[in-house]
Amino acid sequence: MSVGAEVRLDLGRAERVGVGEAILCAPKSVAHLVHILDEGAAKGASLLLTRLSPAQFDALPARQRERIDYEPLSQTGYSGVVAAPAGKARVAIVAAGTSDAAVAREAARTLRFHGESAVEITDVGVAGLWRLLERIDEIRQLPVVIAVAGMEGALPTVLAGMVKSVVIGVPTSVGYGVATGGKAALYAMLSSCAPGVLVVNIDNGYGAACAALRALRLPHG
Amino acid sequence: MSVGAEVRLDLGRAERVGVGEAILCAPKSVAHLVHILDEGAAKGASLLLTRLSPAQFDALPARQRERIDYEPLSQTGYSGVVAAPAGKARVAIVAAGTSDAAVAREAARTLRFHGESAVEITDVGVAGLWRLLERIDEIRQLPVVIAVAGMEGALPTVLAGMVKSVVIGVPTSVGYGVATGGKAALYAMLSSCAPGVLVVNIDNGYGAACAALRALRLPHG
Amino acid sequence: MSVGAEVRLDLGRAERVGVGEAILCAPKSVAHLVHILDEGAAKGASLLLTRLSPAQFDALPARQRERIDYEPLSQTGYSGVVAAPAGKARVAIVAAGTSDAAVAREAARTLRFHGESAVEITDVGVAGLWRLLERIDEIRQLPVVIAVAGMEGALPTVLAGMVKSVVIGVPTSVGYGVATGGKAALYAMLSSCAPGVLVVNIDNGYGAACAALRALRLPHG
Amino acid sequence: MSVGAEVRLDLGRAERVGVGEAILCAPKSVAHLVHILDEGAAKGASLLLTRLSPAQFDALPARQRERIDYEPLSQTGYSGVVAAPAGKARVAIVAAGTSDAAVAREAARTLRFHGESAVEITDVGVAGLWRLLERIDEIRQLPVVIAVAGMEGALPTVLAGMVKSVVIGVPTSVGYGVATGGKAALYAMLSSCAPGVLVVNIDNGYGAACAALRALRLPHG
Amino acid sequence: MSVGAEVRLDLGRAERVGVGEAILCAPKSVAHLVHILDEGAAKGASLLLTRLSPAQFDALPARQRERIDYEPLSQTGYSGVVAAPAGKARVAIVAAGTSDAAVAREAARTLRFHGESAVEITDVGVAGLWRLLERIDEIRQLPVVIAVAGMEGALPTVLAGMVKSVVIGVPTSVGYGVATGGKAALYAMLSSCAPGVLVVNIDNGYGAACAALRALRLPHG
Amino acid sequence: MSVGAEVRLDLGRAERVGVGEAILCAPKSVAHLVHILDEGAAKGASLLLTRLSPAQFDALPARQRERIDYEPLSQTGYSGVVAAPAGKARVAIVAAGTSDAAVAREAARTLRFHGESAVEITDVGVAGLWRLLERIDEIRQLPVVIAVAGMEGALPTVLAGMVKSVVIGVPTSVGYGVATGGKAALYAMLSSCAPGVLVVNIDNGYGAACAALRALRLPHG
Amino acid sequence: MSVGAEVRLDLGRAERVGVGEAILCAPKSVAHLVHILDEGAAKGASLLLTRLSPAQFDALPARQRERIDYEPLSQTGYSGVVAAPAGKARVAIVAAGTSDAAVAREAARTLRFHGESAVEITDVGVAGLWRLLERIDEIRQLPVVIAVAGMEGALPTVLAGMVKSVVIGVPTSVGYGVATGGKAALYAMLSSCAPGVLVVNIDNGYGAACAALRALRLPHG
Amino acid sequence: MSVGAEVRLDLGRAERVGVGEAILCAPKSVAHLVHILDEGAAKGASLLLTRLSPAQFDALPARQRERIDYEPLSQTGYSGVVAAPAGKARVAIVAAGTSDAAVAREAARTLRFHGESAVEITDVGVAGLWRLLERIDEIRQLPVVIAVAGMEGALPTVLAGMVKSVVIGVPTSVGYGVATGGKAALYAMLSSCAPGVLVVNIDNGYGAACAALRALRLPHG
């Protein structure tokens, strides 16, 4: 059985749900990735590649690597043409610690792939509230806030108590002991005492960005 | 120490975060509730009461019961004046099974407390897809979809693959065996293979509605 | 075998570890409690009773009930003579929500049993930061802070980022969904990104107070 | 003690339970595997090797590698003679995503080892229902459906609501965050709201195929 | 909103998936049940009621109770006409202990509702193997074996090593300590070292029976 | 601080508890191991080394490697003089599968270090009962049975239903999916429906052997 | 189907495994218990009844209650003739706290049912070591020690470091917060750093006693 | 975006909370670390580096390595000037086993970074009580005790029953089976039956030391 038989791109997804096709690369073999990228190129499709490790990227043939705009911190790549963001930023991506930056960047890159730019604010954990308070007026102006935090995961709660925006919490797997893997942060966000905190899976910067896109594209009238 | 010392209403919350003061009644004693309701009445505030059990409601003094619009399925009450919804429904509340109706109703009641009406659609679980497909065009018209499901919790995933709206999953604690307490549904929603599914805590219809309010009130331009 | 055979009071404990004998009443039968109280009375000992439910208290013989200073919110009782607190308060007991008040009170009552008074501050959850900021200068003056919180359990982290005092987090079992039973709050506290947050078992106001006593009685020179 | 002392093949198993001897290779040392393969060859037995990693396979002596029909995606091997499938396919193996293909292939290879062929259908996850609906009539014709899915694991539920066949769910360990290791998918399948979904262990394509063989060989009359 | 709005019977399910409509009663209010039963009666439908507690049954109006064939051990009821089983038993329902009998009976009642009879064999736990061995020849004759066990859940494994039939394990929540709730038994069944053991949710006798029906009705040719 | 400061051998342990000093090597650095071995040699002590990986063993200086009787399957070593077993075997070590042999061997090596020999019986899992039944009379003669099993962990239960001996279950971490890490087997053993099954930690062949030594050396009269 | 069909006593068990028939009453209906007791009486068998709640006991017919020696603390009963213990105590049952006494008593009652007497020592938790040290010489004389503890479960570890006897740990479900249900104590016992600690299920005083019987009846020579 | 954008040192922390800036290195890239160290050097700040692996340390440029006082057992480094401890030791760091030494050393290094010295006592696990009892008088003199233990985690409980000092338990991830990762030790410490045991996250020697600093610097009067 050929490799291709196991791969079917969903190029009509943007039409259906407003979000383009993305490829979660981590669990795929290089052979599968090569096949997918060739199929995408043949159809003139732009693809968002997530969790594409440097080792996987390096193993791709040169003809494909050259077509990909790869960003190693977030392990994301754009294959094909991606338009520049149209207007000013409408999303704040706020990260509690330096170590959460990779997940925050995945969200930023997903947004830009879809033509949205974002303001990235890092190192504003709740144990140093004054850093967050310095930036709160800026954050308040943006209709969607993606709050990225590992460890005790309190950032979305504190933010949701101070802004009217949509607040999307992204727990990260940063941490050790009971914080290992991110469940402590996830549970803290789900248990938030602030009204209306939304949550996505651990380390899922991509999903948070997709949800932001849905919110930003709400029909209004 | 008097009872009142432990209670402080947050009547400025609507101004700050766009959502009014709500009282989670389940863990509070009747004495606390009486105190809170009297304070709200004295200040002319409208309060949303959630998880107010029939036993708690019945134990309130008549003067307070009379002021409360109580709905037993959702165990919610409105204390004080609540305006009628202004426009047509902008939220679809879709529930997988009959047993999820209480949580769906909590979301609906929270929306109406804030002046939003919703379309409630029940018994459209993914094991009987055709029921869902019959209603999908109606759902697609609404900018926010709250998908309530216990058991295997697949409803938000299926919906998010078919609509462009904001999709908020609410896992419920309905179920037995590994589904007991709702973690199976919660994890399924967080693991969704559809892009952009947002999740709130188990049985948290209130939180889903608050998030919907944030999304509906996004500034646009 | 007589009931008494299974009970042995540890009346030398205060000498050994600086904390007096306390009786965890919940898992004990009324017969055991009666036996313990009689033995304590016979020896002229003062006993701290924790988790003494109203039903258990009511089932005690009148001669024992009369000797007990019972406080129903915290379900604690003092049997025997308890001296009035000597100086001004040295402990701040800060509770995130109204529903955490029972655990906070257990801590306060344990402190007072040992001659320490405390300042109790309630309803200062991190979703409403401004309430906490109003009280922070007062809290900063006290050498030990006991921070009681359920749900997302962020209060000790926020406090430990603002004060130099010893900070002891007490997670509570208040909450539903993933917060049920208090593990979400416990894990959040243990994962705190603020340096030096200490934690005790869920709902263990008694233990937090005992630890505060140890800290307050440190020899200094 | 010699290596052989710890190995005893069960060559009479097919007679007893209708399924041939299979060797789970992952936890075994190469020395054990060599011993087992030699014993199988000496007795003229055909053996199904599962979870035989490429590294293990490469470490076998050439005389054994040559006798093995090895398939790297599923990490399975046939040692000895395996007859061609007799009739047309009676099992549908349906996989939600590309990444589930390895487990699906393990099931297919186990079936073929026992003389059954299968139809493999991939990339029909429930977030893109229309892909599944395109193939549903084909699937309906087959008496057994093996549904392989990681992440939110909803595929068997959706299928069992549309076909009369035996439906066997195989959760996979594909996924991250709460989906890590496959428990989210497993619990979703066990909690299925569709009647009669059967489940095997995570990643257990082999077990699903063995169960399918039992079902296909039911005596009827 | 009237009660009826939340209920929609799926009377076409038998046509679609080969299993009739069943009502999981435990999480439903009596008002819902009354509505469902009246709707079923009006349409001349036969309904299988599962997890209908004696308290719920007693709360139904007499006109409905009279129409229901209620069995208290399994907490199941038949509403409407149920035909007598046509042929001899084709399913063995084997239960490890006396305490598993309720779940075994739920399976038996579900089968009979669909016209299949079963042989029920109880108290054949693996700690007393000789009891099981006395019955093994009888069990071997039947094409489907439902093995019900709590505690260490080893029964399906032992059976699947001795018969060629389809083996469906039903873990039960009987037990204490680590066996509480049935996860120990569930995990043991999923981890079975016997090839082809299938598993359903804890206490899900109904689901095991539905799966048995699917297997028995396989088209063959 | 020198390495030695962190190491203190307990050479009086045999006198106190009847079991000699053993060194759990896995978490120790090579420097620590070298120090321990030198100290042992200097004092003429015999040491049992457990979980000594081949890599650790190879990193020891030649002078120490030469003194050690190393067995790689169980990763155990004897440093110093170990007497030959005195009498005939009094312990049966029964392992469910080939993959459990390493843990079984650790138990056997621990026994021999203390002068006891054992009968090792492998590949007698409960899915192939007849293999176990062939050896049961032999097993019955021995006063202590150590039953080693991963996966569904049913072996100790089946054995304890057939013999009067002390039965010690050792769950192993062999397995995948829900069996990963050995908790499925552990819980099955703890939940055993056979009376008097004893359990030790996962993969703890050493502990099972120590317990066997305690049992064999019971004073009797 | 009559009640009796689901009950089969195992009156030959003592012959086979050295421990008599015991009935775990908690999950059984009163009808089942009545049937079992009548059958036992008819056959002249002595039965050990465990987890027989006062409510269940009171619901038995007078003719059966009169035959039963019921002990409410341990919720055990003897039905039929039970011989007096023959010799002096050979088992120490040591309980950490007053609240563990019920489980300790279950062990003691199980031993006495089989003709063994035990020394019960209570309130010797490791937080008050001196109480334990006062009794250690007495404990050391007995060949088997059953150590019962909830909370942090350290008692068996401390004991096993001081005696040569067989040490059987029984975790109890006493405790709150992370200790709820007994898993903290169970895991502590399994993780013991003392060599040869054996463990049974949470609250399983019966199982510990059965294991003690096996150990005491070891053939020696 | 440049690396530096994601890093913001908190050099005012000592002023605010009494503990200096520390950098958790494990989750950071070498580029981030280089940036942080350069920024610290430029500002003349002293930094405590924790969880700095040898591989990370070796990857730093020579100019930075030379400024760092690196200690490999604890994987800590001091960058910049660190003053010698002023007075005699006020903290006892007591470790249960040799394998816990790395965590104990992290605590000691954190204390010394802040000018406090400590007494380190190792290999005093509760299974060998006499070793602990030999040192108890020394320990009692020190106002703060940090008790480090993996496995069954009983050390803080035993200590807190013998001293009046502040007792801070640090569970470690040393162990296997149910002790893997340290939750068994964590839960045991949280469940302690000794009054006033405080706990920090698994392996968090740094946090325990920070808490000790808070306690030692309590204002007294």
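Here the chain labels run A, B, C, D, E, F, G and H in written order, and each chain numbers its own residues starting at 1.
In this section, contacts are C-beta pairs under 8 Å (C-beta built on N, C-alpha and C of every residue); 3 or more make two chains touch, one makes a residue touch a chain.
Quick caveat, the model's predicted, so the values are computed rather than measured.
Asks: Of the pairs B-E, A-D or B-D, which one shares over half of its contact pairs with A-C?
Replies: The A-C interface is reproduced by B-D.
Asks: Go ahead and note the Å separation of the Cα centroids belonging to chain G and chain H.
Replies: 43
Asks: Let me have the rounded angstrom distance from the C-alpha centre of chain B over to the C-alpha centre of chain F, please.
Replies: Whole-Å distance between the two chain centres: 56.
Asks: State, to the nearest whole Å, the distance from the C-alpha centre of chain D to the C-alpha centre of chain E.
Replies: For chain D versus chain E, the centre distance works out to 27 Å.
Asks: Please work out the Cα centroid separation of chain A and chain F, and write it as a whole number of Å.
Replies: 49
Asks: Can you list every residue of chain H that touches 2 or more other chains, as numbers and ranges?
Replies: 13, 128, 160-162, 177-179, 183, 186, 190-192, 194-195, 201-202, in rising order.
Asks: Could you run through all the chain pairs that touch each other?
Replies: A-B, A-C, A-D, A-H, B-C, B-D, B-E, C-G, C-H, D-E, D-F, E-F, E-G, F-G, F-H, G-H
Asks: Which of the residues in chain A end up touching chain B in this complex?
Replies: Touching chain B from chain A are residues 13, 16-19, 22, 143-144, 160-168, 186, 190-192, 194-202, 206-207, 210-211, 213-220.
Asks: So in the complex, which bits of chain F are touching chain D?
Replies: For chain F paired with chain D, touching residues are 73, 95, 98-99, 101, 120, 122-123, 128, 131, 174, 176-180.
Asks: Quick one: which bits of chain A touch chain C in the complex? Just the residue numbers, please.
Replies: Per the touch definition, chain A meets chain C at residues 96-97, 125-129, 150-154, 157-158, 160-162, 175, 177-179, 183-195.
Asks: Give every residue of chain H touching chain A within the complex, in rising order.
Replies: My answer: residues 1, 5-8, 10, 13, 24, 26-29, 32, 51, 171, 173, 181-183, 186, 201-204.
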